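Pasting in a structure now, in structure tokens, and then I'll have a few things to ask.
Labels run A, B, C and D following the written order; every chain starts at residue 1.
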């Protein structure tokens, strides 16, 4: 197969007829943008004045010394405006929405990062904005909800299904088919129906383009390996893309190992035996589903990796053997996070910490003149509620209890 | 006899046909059985049986919940296929499966089609499978004499409608409005123009679905469409008043 | 007077004898660094690979349109690593500590930003780290405390005096006189004994050097006015310094008006009638003190502005009339914050929002071809506990109460 | 008679002098009065009266707390000056003020010095005012025949000590160790070297303070220093056992 919108066996646009026309327009606009160097320049200008691109590549000299192997470099997507790589995608789509003349955007969000980024973009571009978020995630991520609302977005808790990311995606599609004329659905990752995987990947590829220049300048040659966590796959594709045709660079995607691949409580699609080919949420990929094709519940300490599907582009690169996939367990993630904070003064998001885990396992096996890059997709300080909880910090608990006491008194 | 012919036969006696929708395994196969018996007795012309899927992207809250509860209750695809065969053998009206593509894909398209044919199923509605992605599906359906029912939407251009007409069979499912199943539609001027466009684009019979609630809605479609589709409305009815309420409701529609 | 360490009538080094020698060494090292272009280059390299300097200058086109006057530009110190301009100062001092061969750093912190930044720097440089923080502030800013501890710092709650910033400074000095041989006190702002005001101002001047280039490139000419909030004065000095000798650029420092200048519950030293010349915490400046010279309690919704003293350099520029000082009340700050989030998708720290208030008052009075720069010293998303509280957000309260309920069950 | 002379007179009769410390207004002027009477009766040679300041940067927890409580209780600088005058008039030993520079600066250096002289105060200790910043202060003190007592620290170089000697009068306050008031000091080899350096740098009498707790400590200083300073220890004593405990404690020291 080499059909439009397919990457090897994966991808496509499995969409309800009502969206057909809007996808036609989106495809046309996307083609126009891709062929318009001014558009890319406009995107770069926006990202370098509104966010702080290029984001730095930090040499983690302490960690490198600690592991005694490869030189570890960290690509700092955490320094983006709104704190994660998600900004790259939404700002790019924002420019496209402006060109298409639509006035309203919707988005799904799991951890809240993509919702935050979309609400931010909508404020900046003056769009109406509705964010769909699983009720469970609203409960867990109230700070993000607060900010989204403050930025003028409406956040709708989704009470269907497992009340998490995939259900928020379904809810967003339901909104879209209802309000298709004036609304653009800002898909958050390199999944979903064509052209989203390619489009999101295109905007995110800015990460790897920068990293490529930076590593040559700072290290003097190509990195041996690049690590990225894989939820939907957008930060991974973002950092990998520029290096796909550099055969000496090994690319490693790290999935959520949750409580362990043997337990079933994980979100590893490509490196576990638990996924199979399927079609849902508008595209074909490897899904964590049962024999009937019903999607399974997944688990990860990182809400942003807790998803049943995976990028069709990555599924193809996996099948081709171009990207290797590994898993990091919740436990490993907490200790990688701890080590990174202590050694480098850097707080990776729980999602990003997955990439750190695998890099830490492999760094000692490489020589000191080799470099590896870890894509730090976001910052962890927003995850305070999750991280402090996961570390079981007693003062944190006291603090929350005391705060609650005040609120119970006065309300 | 193939689906289109069956419907055309029925259209000789009736001004407009009725198609109803049930979600298999919701609230139970027992209830499904009783509801279908009532529907058939009340003169329904065609029934679409939805095989539940965990991600029913195009469905509204009522059908969505029904899908989820059916799965939670343990409904398996194999149960649905067995039940479909039983119904087709029991009642003398055409039965269709409605489901999302993953259910068929995962079962194996070939195996699914063969079983469906053996069961006497006449057509398939798969709302997330446009013909661009469904070449194998369309071929296998036709090989197995099962009508792959395609969908028109108000957003479909004339060109798109003609293109779809070439791939579909049985009838065209015209989605009455933007949105998902379950909320009321308006059948005003704009709708009439849309339906005229549909009629011009295909020689297949036209079914109209999404939000048809009562006799008034069905009446509004007479002379414009060939079949009215009652979806969420009967599911709600069963939830609120039990299967026995379905017969009188259906009878009241025409 | 034109004595060493004085700026006009202000400044000096009023230090206990025990610190004399260490200040000698610090002064010597500082002179060496100032005269060593390699040092500045090393600093720039560090800031552009570990933090994301240059930070962008964002044209706030929506706000500019909304106010219908000057073009509003925002200097984005919020995009620094750790989320505020404080990083500039600590990383610079970190390099100096390394040169001086000391192995331990201490710092005071109010809001927690400087503590966070210092803990981060200490992790990066491998220093031991102790942070002094008023008990009251520890209580209010638990998230920052959590991160500091995770980064390996020891956070000591100070129970003396008003239990806020000034008391944390005293406590840090007590530690310093005790551990002077191996310890450097990383002063957090352009206050304290010489050479701190000059030194911190030097590191922070990177802000204005960048902003100068950026405004010329983006706007084509000098800005009419520059606004910065003033706690100790480091972000203000940072953005002002490059423009001091550009007479056409008006410089405006915005102090904490708290509940209003008439109420006494504020922290306005230079624009209220409530301050007078004094000497404390090692330097001479305008202090909020009573007739006996006892320091008063101050108030601001922004912990980082809630301080009795102010930079001696700014006191001098105030006396010379080179910098104009204004105050923003807590209430005004909350609405400026609200507006900025909704219009630009940007969340200023409560401190920074003070500068926005005054800029918003004056922007309509200028013409559309004039530019103003607001120095956004930090990001507000860390202030979630304060901001959600100040907005009296009911869902936030419920969230906290529910969280507390979980913790009370399991503990 | 000036402070240095007064101390030298006393040194003729005693192997080592004792200076004590009180915080004015803490716990009350009443208590201060009683404590001072006890101290004088027990043979103390000199008393430093601390005018409380809200930011006592160089003081440890005990004196810090005393400063704050004195201020909270309403102690004003004017009360302190009046009380100082009363003490100097009542007791025949030299009294000093110890305070932070802001108290003097804010009062007005000239006015402060004149009042202090009129009150019969013999010296001033201002731990946060190095001579570099205190030109006016030093000049005014000398003009008013009040000894500006300067401080040596273990970190002071020989050069620095000589420099300080040139500015100070009355005696030199040698801080026994790094740190703030209130914790015990060790008087070992290193300390002896330090004290020898102090002695070499100045002809003024040497007082040693910070952490002197008991007879043993005082004894250790004999022959090396001219005066031992008891600070936090008596404040704690008053807190725990009341003013009456002070006399016996002081008597026990020598």
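Here, a contact is a pair of C-beta atoms (placed from the backbone, for glycine too) under 8 Å apart; a residue touches a chain by one contact, two chains touch by 3 or more.
For clarity, every value in this text was computed on a predicted model and none was experimentally measured.
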So which chains are sitting against chain B and chain D at once? none
I'd like to verify one number: the distance from the centre of chain C to the centre of chain D, where each centre is the average of its C-alpha atoms, in whole angstrom. 37
Chain A-chain D separation of Cα centroids, rounded to whole Å: 65
In chain A, what residues contact two or more other chains? none
By residue number and range, which residues of chain B touch two or more other chains? none
Quick one: do these chains touch in a line, a ring, a star, all-to-all (complete), or other? line
Pairwise, which chains touch? A-B, A-C, C-D
Of all residues in chain A, those that touch chain C in their complex: 48-52, 55-59, 62, 76, 79-81, 83, 119-124, 126, 139, 142-143, 145-147, 150-152, 218, 338, 341-347, 381-382, 384-385, 388, 391, 393-397, 399-405, 407-408, 411
Contact set on chain C toward chain D in their complex: 3-4, 12-22, 160-161, 166, 170, 173-174, 177-181, 276-282, 287, 289, 291-295
Can you check the complex and tell me which residues of chain D touch chain C? 53-61, 64-65, 68, 71, 76-77, 100-103, 105-107, 127-130, 132-133, 150-157, 160, 164, 175, 178-180
